[in-house]
Every structure is written in C-alpha cells, then in structure tokens.
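Both of the next two complexes hold chain A, though its partner changes from chain B to chain C.
Take a look at the complex of A and B:
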C-alpha cells in the first residue's frame, strides 16, 4: 500500500551469509578501535603540542574516546542505526544472525543480542574485573603488612588504591544486574528477550571498551586521587587521570543504556498475569537498583566532564583561584556516590531474598515490607549525600539535617532484615551454599549497618572520617553484603546458566575461607581505624602494626578462597555434575525452562496465576 | 485459586498464632538473643575505649561516649537479628534432599508493625542523642570564646604549618597550653587536606581559599599526633607531625624560645 512497503518488498533480500554483520566480531572491533586510536593520536599530536599539559590531556581524551567509538564500529554496533538513518532496518535473517543461535562459542565474541549471551559476557567481565581488583587488594595488603615496608612506592600505592577502588565499584555495580539481570531476569518474568536486545548488546560492549581505557591509566603514570578523584587533586594529577575520566564517562553511558533497557523490560515485558504483586523480589530489587542508577550516574559523568574541562581547557569549575570550588565536585560526586552504594546493595539483597524462601520452603515473609524497604532506601538515598561532607566545612549547619536523613535509612534497612528473619522464623533451612550466604549476609550487613550508624553521627564521624574504620565499614556493606549476595546468586543460578552444578565441596570451602578471612581482615581494620590510622596511606606508625598484620592475614585467606571459587566455576562449567531442570525446587519461572535455554526462552508464553512464593503446608 | 477453594484450608486464627509463636522457637531465639545482646553491651563498653587513643579534650571524651552509647542502642538489634539467625541455623535441615515445606506464613501484621515502630524509635533515639552532642561539639558552633587562642593551620603538600598570629610564632609542631580554649583557622595552599589532631577529637578539611574553623580545649598534658585525613597526593601518608599539650608556663617558655612574645 505505502511506497515504503513496496520499496522494501522489491529489494532483493541480502543473503545473511554474505552480509557485513557476519564478518564482524570482537577481533575486528579491536583492530578498528586500535586504528582509530592510533590515527587520532598521531593526527592530533602533530597539530597539538603534547608537551603542554592541557593539550596533552585533549589528545589523550580524544584518543580514548575514539578507541571506544572505533571498537563499536568495528564490532558492528552502528550497522543498525545507520540502516535506520537511510530508512531501512536489519533484515530478518540478519536479526536472527545477531541473536547468535547455533553459533557456538563464537557468539560470545560478537555483537550478540541474545540476553543469555550478554549475561554470560557480563559474568566473565565481572570475574575478570574482580580478579584484577582483588589482585590489587592483595598488593595493597602486602604493602601494609609491616610498617616501614617499602614493597611499593607511594606513587604506585596511590594508583593501586584508586584503581582497586574504581575497578571494584564498577565490578560490583554490574555484578548482579549484569549476569543475572540479563540472563535470568527476562526468563524470570516470562519474557522472550529484553525489551531492546540491541541496546543490551550495546551496553555490554560499551562497558567492555571502558576496561582497556581504565587499564591504560597504569601506563600513563597512574592516578593519585583514589577512586573519589577529588578536585583539585585530580586537576593537578598527571596524564593517567585522563584514563580514569574517560573510563567513567564510557561506563556511565553503558549503565544508562542498560538501566533504561532493564527498566523498560520489567515494565512492559512481564508474562500475562504477572501483576506487580507477583513479580519475583529479585526483579523488583534489580529494577529499583538500575532505576536509581539512571538519575544518579549522570552526575558523576558531569563531574568527570567538568574535571576534563578543567584539565583540557583550563576552565575553573574546581579552581578556587578563579572562583570555582572543590566542594562542587564533592557534591556532584556524592550525589552519585551515595545512591550508588545502594545500586550495588539492592540486587545483592534481592538475590538473597529470592533464595531464602526456596531453601526454607516458606513463603517470603511480608512481600510488602520488602517493597517498602527497597522503595524507602531508593527514596532516602538521594537525600543523604552530604554525610560524606560533614568535615569539609562546606556548610556545618546542614550537618544535622543530613544526619537525620542518614539515620532514617536504618528504618527501611530494618524492614529488609525483617523480611529475611520472618522467612527464616519457624523454618528449617536447607544449608546449601546459597543459603549459607544468607547467614553471612545477616552478620555482615548487621556489622556494616551498625558501624554506619557511628559514621552517620557527626561528632563520631569527626573522629572516624577518613580513617581505616570507614574503609572497613563500606567493605562490610559492599563486599560482605552485596558481593556475598551476588556469589550466592552465582551458585544458585549456575545450574541454569551452564547446565552443570557448581562444584559443591569447592564452593563450601571457598565460602568459609572468604567469610572467615573477611571477618579477620576487617576486624583488624576496624581496630586500626579506632586507633586512628588514616585510610589510603602507604605507610603507618609502629602502633598500628598488629592490627594491620591481622588484616593482611585475613586478606590472603580471602584471596585463596576466591581462587578456589574461580577454579570451581571454570571446572564445573564443563565437568560439573549435570544439573536437573530445577535442582533447588524453586517456583520462579526460570526453573521451568530446560538447559540450554531455547532462543526465545519459552515454547508457549507462560501465564502466571500466583506469586512465586507459594511454599508451605497449611498451618494446622 | 478462587476464594471458595481456599476457605477450607485456612486454619483458625488460634492455630496460626500457636504455630507462629511455637514454644521452642520463641525460647531458643530469646536465649540466643539475650546472650548476643549481653555480649554487645559488654563489647560496647570495651572495644572503643580499649582501642581509641588517649582522650585529651572534652570533644574526644564526647566522641568516645557516643561510640559506647551507640553500641548499646545497637545491642538489642543485634540480639534480635542474631537470635533468630542462630536458632534457625542450629535447627537446619541436613541432607542432600530439600526439606519438607514449612508453615505457609505470609505475613504477621502485629510483628511488622512492632518491628517498624521499634526500629523507628531506635533510629529516633540515635538522632536525638546525636543532635544533642552535635550541638555541643566544636564543629557546629565555633563559639569563638573571647579568650581563645587563635592558631592558623595551613596544609600544603605535604606539611602542616601552625602560625600563632598573636604570639608572632610559626612552627611545624602544634604546641597548645592546657585547659585553654583554642580556635583553629584552617586553610590549604594547594589541594584538599584534612587537619586531624587525633587525640583532640578534631577533624576539619583544609580547603584552598575557603577557611574552616574548629575549636577545642585540650584538657590533658601529653603528646598527640597530627595527621592528614584526606588523600592529598604522593606523600599523603607522611603528612603527619606531632603536638603537645603543655602547662601554660611551659607553653610560654616555648613561645619565647621560638622568638615570639608570650601572651
């Protein structure tokens, strides 16, 4: 009828085997990305004198962004959008090819739109990031094992602290929503794929391009600022800072894409009958988490753009000499920074809430409280950022109000405890590794939460701020609670993602090594903090020797524990016990599909008639 | 499931209550809860006082008291959480097959209400106590006592400099007279630092061109540490010095020895 239809109809359908799309993969992406980067660097450095600070910064930033764009072009991310520009779209065959069905292991190195492939890509991305960040942590703790030890120089140490921080933050932001949010969540809500499969592939590959950029910081002299990258120190910093800035900007784009996609998927693609009160709690937690990230991360991106401007064009956003202020940076950073810790925490907690009913064989206690708890945290988390700034002198009269909002967060957090404890109550838990993690979470989150209470209090924070106590506190929440949740999710969903059970004995051993090492490490660090050791120091006075030695022993134990887990994950991937369809007897939808999960997940779209927590005998 | 099907299965309210508050569950969790609470109450009094450094000002005393009181506020929370956790942990189901289903308790209105009210009250207690202490601490109200001695603190990469404007003395160690209020005017000449005389319980950032003020009164003789608590670049770890609280006489002779005029 329309001319467009006729136009499309008369065109010969290109053979997908000969289409450009079939020839592109991560290898071509690397080649094009490196060519783009080299051309940009060579071209610009002939025009701009790179011995001058701001011109060098411009050249480096441009090179890094062109690498990212080049990689995405080389892997074929822009083929679809370009077709749209000329009024066409990918053909059906090409779209099917992009979904990667039947392409074996190759599809993991392609621009693949299948959410299950993206989930596995994220999983390995997270494992690599955690391994790198963990190795850095081991080097930090080795340096701190003895006072006066000169294992590494102050410059290397500062870079290690900063890069360990940002690597782990990035890893933890995606550790649950990346692998499980992409692989499991669409199946959990009965969808055939994500709402925007191509954006899904884009979010992963954009993130992927940020990793080499971040690594390049090492070769550009490191970063002296810690992951907070406070101005004016970041403006004073050397060329390595550009890598940090570019990596954050690229990462922020990835999270925005991914956040929009996950939110849209959950809102629009739920199975028939899955009303809002029947949505599995993990889906709620992950969605609220990314929904929180959508407004939060742009402020970090903005802060980075402003830092880049100060460094590359000598603007004065953060330069007190020309009327700027470092407080502006601190605000922008923490307006992202505090929601961000809950972006990390919520999916981890939600995974554990998903696990408890299955292993206690009881319904989730007070689903409403869980929702209210999550929502309360999301709402309050945007109103607490200045508790990181009590001691900056920015506005002491507002310390009181920020203290009140911060301490109010303990109420919704308390509801989360209530939900888990209520589900445990009267129950006989089946202590498989995922369930053990629930107990680890209860203890770690308790310690993390209570030490947070001291830190939220202005006078107490006056002593504790900037000390090792803070470091111990946030590791308890981020690692002890959120990462524990994510690792529990890995052993819980591993059978569905790989078709094999995760090696049970190895994961038990790993669990206990990690958790015991964790307590030892951070008990030592709490003591060091109480004694008055500042954080981020390469060296310390003799009086902190004992507590630091304890910490280092704990750290090595954790390191060994995670190596065991890594072995288990790699070994079981091919050689693990073949998993039954529903090894835990859970009632959520992902356990109703076989392994390997079909391309569109369900042969017939599922219809949901109740929430997934219908466990339990009737009380008589 | 329609309304009619489920009617028969529903237990009476009395059954449900008896089932929810099962005697052995309540007793076990209460015992564990009380033990845990007790441990935390004792620890609360011990942990911080044992590890925190010598108290050399009223501010530091208040901080130490806060830490103890907050641990006490937190103790019953730990008791409830760990009480339930421990008893279910010990009642675990062993074996490789999944356990039989537990009771189908979906919620318990009074418990949810009680929990919300109690946690809110605990948070409120912490807030009120914190605000009271905040009101009397130095950072909120640099009261600028008339007779306070002014010390200009300057952070630079990676050295602290203390200038006593009225005495005409400048130094890299921080000498303070006993029981005499002192007001710090803190500045930085480059990046952010954080001025932290540890045993005095004071910590304020040093910003460039934005002076911050803190006040305290040292009340104990002895040496103390001065550190930088904000990552400030290469030698951040070494940006530390010492200070001493001395008698007024000793302080005056120190000032004179430094070439200043005693107050």
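Take a look at the complex of A and C:
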C-alpha cells in the first residue's frame, strides 16, 4: 500500500448515480483539450491566411485558449456551473465524490475539491516548474561560464532568459500559497475545507493548462523579450510571444480565483475562538499576499490583452506612430510587477516567522509589529512601481517621490526583521533544517534589502540599472528569502502532508549546498554587475571572466543541492521514517489532526482558547 | 494553540454559505475593478499624451459620447430591476426575466457596435489611433460583463421555476447576484463617462 493509498483508507467509492463526473479526469481533459485546439487551429487556418503575421497570431491565440477551455470541459470543471444554471445543484453524494473520497491516487488526476489534494497537486506543479526553470538557469550559467564560448546560440539564450524568468516567477508566486496555503492553511484555522472547494480545484487546473501553453513558446520560436515582455519589442516578436501572452492571461485568472478563495476562507471560516490576534502568522502572510494579488494581476492581464490586440488586430496601444507608447505597458506591468515581488516574499517570510517560535520555544516577539510590518509592505508596494522606470525618461520630476516611497518600504521590512530577531533573542534554537533556513533568510534578505536600497536611489540606479547587480539583487530577495522560506515550509510541514519525515541527512546536505552555492553565485554576480556587466546579454568582456566562472560554479552547486532535495522528497514520500502527529511540538491546529488527515479535517470543530505561540519565556 | 472537541461536526447554515459566497463575489469584483481601473488609466494616459497627434488622427473617426451611454444603459436598467427582485421575492422569476432580456439586448447592442466600428482603415486593417484601440478594449470589457451577468440572470430565471432549490440559500444567491449586477452597472457608468471624453 502506498502512502497515498493509506491517505484515503479503504472506504467504498460513493456512487452518485453513475453521473458524468465519475467518468471525467485529466485524461479526458487532455483529449478534449487537444481536440478543441486542433479543431480551432484547423478551422481558423482554413478561413484566415496564417502567412500574414496578425492573422497567424489570432489563430495561435485562439488555439491556446481553446486548449485551456477544452481541457477544463474535459475534466468536468463546467459541470458545477451548468448544473447551477439549470437548477439541478450537485447532490451531496456528487459533492462527496468530487472531494475524492475513497478514490485513492486517482483523485490527484481528477477535478478533486479536497483542499489537501489540491495542495499536493500544487506541490508537484511547483516542483515541475522549478525543475524546468532551474534547468534553464543551468543552461544560461553554462553559457556564461566563459566569454565568447557559446554553449547556445544568442537567440536561444534570449529565449532562455525570458522563459526562465517567467517560469520562476510563476513558480515562486505559487510556491508557498499553492501547496501550504491549500493543504495546511485551512487546517491551521480550524476549517473543514476551503470556502469554495470547486473554485479551489478550478484554480489549480486552470494553472495546469497554462503550463503546456507556456512550454509551447519554445517550439514556436521562443520569446526574445525577457520575462518583462516590454512593448514594442513584444508586439514585434515572433509567434512564441503568443504562448507567453496566453499563459499569463490564464495564470492571472487562476490567481484571482485562488486569491478570492483563500481570502474568503480566512475571513469567514476560522474556528470558534480564533480571533484576529490568534491567527497564525503564516495565515496572515499568505492571506495578505493573495489579497494583494487580487488587484495587482488584472493590470498585467490587461497589458497582455493590449499586447495581443496590437499583435493580432493591429491596434496601437504601444505604437508611437498611431498615438500609443511603450510607457503605458511599463506602467501597467510594474503596477502589478512590484506588488508581485511581495506576493512572492510575504508567504515565504511568514513561514519562517511561523517556524521561529516553534524551534526556539518562545512566543513570537511582537505579533502586532509583524502585522504592522506586513500591512506596511502591502500598502507601500502599490506606490513604488515607477522606480522600475527611472531610466525610461518617463517623468523625471516624479523620480524623487518614488525614491522616497521605495526607501520607505525598508521600514516595515525592518519590523519583520525585528520580530524574527526578537524571537531569536536569548533563545536556544533547535537547529533542524527549518530553523537553519531562518538564519539563511536573515542573511540573504539583509544582502537583498541593502543592495535594493542602492537601486531605489536614482543616482546610483543610473549606474547600476540594467546590470548583473540588479539580477543578483532580486535573486537574493526572491530566491534567497522567499524560496528559502518555502523550502523551510516543505521541511516543516512535510510530515503532515505525507505522514513521513523528510530525509534528515539529505535535507542538511541540500540546505548547505544550496546556500553555499547561492552565495558563490550571486556575490560573484554583484561584483560583475558593479563593474558594469550588463544583464540579459549573451556575451561579455574578458574582465568579467573570473567572476562569471565563479558564479557558474555556484549555480552548479545549487543545482546539485536541489537534486538532493528532490531525491529526499521522493524517497521520503514512500520510505521515510513514519512521522509522529506533532514532530516539532508546535501549538498550531494542523498538528492536532492525525495523518491521514480526515476528509473534513476535524472530527469535531476545534475551539481555540489561546494564541498559537504560547511557549512561555525561555530560561535565562 | 489549545482546542477542545466538545462540539459536533456541523453543516454550515445557508446564511453562512450565502455570506461566504457574497464575499467571494465581492473579492472577484475587486479583481475586475482593477482591470476596469487599468482601462480608464490607459484611456486618459494615452488621451493626454496624444503621442504624435495620434490619439485621434486627422480625419479620424470616433463614436459619439452618447453611444457609450447607450451601450451601458441596459446594465443600469437590469441592476435597478434586480433591486426590485430582491424586494419582492415572490415575483423574482419575472424580474429576473426582465433582467435577462436587458442583458441580452445590451450584449447584442455592444456586439453590433463592435461589428460596425468606423475607425478601421480598410486598406491595412489597422485601427485609427489610440482612441480606437482604447474604445475596442472597453467595448470588449462591457461585452464580457454582459455575458457573465446574462449567464447569472439566466440561471436565476431557470432556478426560480424549480422547486428543488433551497429557498433560503437562493435568496442569498439573489443578493450575491445583486453585487455583480450593481458592479457591472457602476463599471459601465465609469467607462461611459471615460469614453465621453473624446
């Protein structure tokens, strides 16, 4: 019996009158999606001349969207809305079937509404995205190991940089709120499920359809624009750009649905007694993150729709000849783009703040400061977007105000630091991997934050803009802080999600390889950037050779570290040490339920009577 | 965190489910609101920038300001009629039918406008200036609003004739639908005001 089989037990499969939902799964989704896509492509290409640039773009975009719609139809995503429309709501038996009760491993390939199944689906989705994005990073670094020694062609390099960027951005947006926000968070707040279980399944499967769309960019000539897809370059790019556009639009829909679901769950489904000051800090961070994504991503979606319109219908949003401007794209992109950094960062940081009290056996220092810090970051993140546009010449008189708002973000970020350091103060940490990640975060975020101050400063940015320094800076924040937090969360909650402990030695080895490799890679990149090496450029001058070689060695070390972690995850899932119910002695609600977690999480609804970090004072 | 287990497993009351669904819809409205804000921002940004005099090129065509209002009038009427449906649940089906008809008419009108845009250059197929680009995206958003609202209205009409639906939960769904209907009317007004500034 596999772990997944143990998870569902041996209850008989409910039989909801042999309805259609019992016959649909990812396989039928793939078949219907491919049929829809082929019919759309064949049908449109017979009536439209695909040798004409804009008509070809129309056909490709329609094909990609019809793939997504077809897949969702084939997996049964529209059954609920249609049944609602005709007044025949799903029966209790059908809802139980949709929750995957008694279906074993098959439910992971169905439109399953159980939040724990969705959490595992997200986890593997993230792993696949990180693996693909990581492999691209290895190719980029291999190419940059030596000046002039091209491992790949310049056009392939361009595509790799863009696809690596967007793949990693998507992966990091969902890396914490996907697996842990879905699996762990409802249990943490004492809820039986998410507020909208069918929307929960929808958010995952919509995202799933975006993955092959994005990958198809590779076979359509790639994207030459980088992940920012600045106009008018993106308007003039080849057919691969359609894949980028379609993937982002689909992903934005998934994000909005997921954000509304998680936010509504936390607001309306907390256990009795879980007042706002008793909500675990991870729940606060994850909720603020997805709530921030709700208004942020639609502007990116709009920018993509405008790009698609310019490419497919010859409108002129970004064409200066007909009254458009590339600045409009930059505004819409960065109004989303900067909050998106904190959409990524907050859940990772919140995971670490959840971990610190558990592993030093002390209450979280100043919970209120943590909330104020999060709220300050969320509020300010919408007021800083134009610091990405200092050098565009958009409006120099506004550079000063945007510099001030950007630098002000260091204040709430400092509060977050204060809370973690205050909790660590005089504590006796239990140095397991999740706790080591806290120290790694403190260092990485310190470097990422301080180097960010220089970039927020207009005169310094004039010199550093567009250099490898910028690349190193945002990797320190996104990878060094957010991804480190997510990996810590994986180590911490792995026992609850799989029933097994994560292989400890492999976890340590992975942690040190990744963190050492990370410092080698990006500290070297800071040097090259400060000396003037431009980013996104396939070749470089001889003077940057040493630092690039060192950076590439660091990248390989990270790659090996993550391969070790992947091995640990797969190996431990089947063969790991059986985990006790509460291996870390934590006080949050998810550790009060056994593994396998019951379908409705709690046999009786919990009543919360104290705060989640009441560990008492540490001995002096 | 301590907990006790003296309470039995409960099923959520229709009121709790209804409030939750309404909150979910309102959160999605926030997302749609950001999209609408983006369109309004883009419209005025390009209009005021008037890059190379290309907002409306010389001899360029536009829709009249009133045509934008005509396109959103059904949204406003439908939202008002739905308010009546909320007050008189016994005739909710009839009111929802009027709402549905308004949305179908509005959607058709918007599609008709899109099919008869005066500002496409016949030889090249390009749009005349940034105004035309903004207009078509706004019209597309209006049509999307009509489509979703029409779907909901159709559901309410059909469901009002079925005895199997839970009347308490249904009354909450009518209130939840009101959130969307009101929002699309408000966004329609905002977009009509925007396109009035030609």
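By our rule, the second predicted complex is superposed on the first by the 600 of 620 C-alpha atoms of A that agree within 3 Å, B and C clash if a C-alpha of one lies under 4 Å from a C-alpha of the other, contacts with A are read in each partner's own complex, and residues count from 1 in each chain.
The criterion applied here is as follows: a residue touches a chain if its C-beta (ideal position, glycine included) is under 8 Å from a C-beta of that chain, and two chains touch if they have at least 3 such contacts.
What you see is a predicted model, and the numbers here were worked out from it, not measured in a lab.
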Partners on chain A (chain B, chain C) - clash or fit: fit
With the two structures laid over each other on chain A, which partner does A:325 touch: chain B (first), chain C (second), both, or neither? both
Is A:393 touching the first partner chain B, the second partner chain C, both, or neither of them? first
After the superposition on A, what does A:454 contact: first (chain B), second (chain C), both or neither? first
Kindly classify A:313 by the partners it touches after superposition: chain B alone (first), chain C alone (second), both, or neither? second
After lining up the shared chain so the two structures overlap, which partner does A:85 touch, if you call chain B first and chain C second: first, second, both or neither? second
First, second, both or neither for A:408, with chain B first and chain C second: first
Quick check on the superposed pair: does A:610 touch chain B, chain C, both, or neither? Answer first, second, both or neither. both
Chain A contact check, chain B vs chain C, more residues touched by chain B
Touching A:199, do we find chain B (first), chain C (second), both, or neither? second
Quote the smallest CA-to-CA distance from chain B to chain C in the superposed model, rounded to whole Å. 8
Check: chain A residues flagged as touching chain B and also chain C 320-321, 325, 327, 609-610, 614
Residues of chain A touching chain B in their complex? 154-155, 157-158, 161, 224-226, 228, 230, 232-233, 236, 320-321, 325-327, 359-363, 365-369, 390-393, 396-397, 399-400, 403-404, 407-408, 410-411, 414-415, 417-418, 421-422, 424-431, 439, 442-443, 446, 450, 453-454, 456-460, 462-463, 465-467, 527, 530-532, 534-541, 584-585, 609-610, 613-620
Flag every residue of chain B that touches chain A in the complex, lowest number first. 1, 9-11, 15-16, 19-20, 22, 25, 47-48, 51-53, 59-60, 62-63, 66-67, 70-71, 73-74, 77-78, 80-82, 84-85, 88-89, 91-94, 98-108, 111-112, 115-116, 119-120, 122-123, 126-127, 130-131, 133-134, 137, 139-140, 186, 190-192, 194, 196, 198-199, 201-205, 207-213, 225, 227-238
Residues of chain A touching chain C in the complex: 54, 81, 84-89, 190, 192, 195-196, 199, 256-257, 259-261, 263-264, 267-269, 271-272, 278, 280, 291, 294-299, 301-303, 305-306, 309-310, 313-317, 320-325, 327-328, 331-332, 335, 587-589, 592, 600, 602-612, 614
Using the touch rule from the top, collect the residues of chain C that touch chain A in their complex. 1-10, 16, 19-21, 23-24, 27-28, 30-35, 37-39, 41-42, 45-46, 49-57, 124-134, 136-137, 151, 154-155, 158-159, 161-162, 164-165
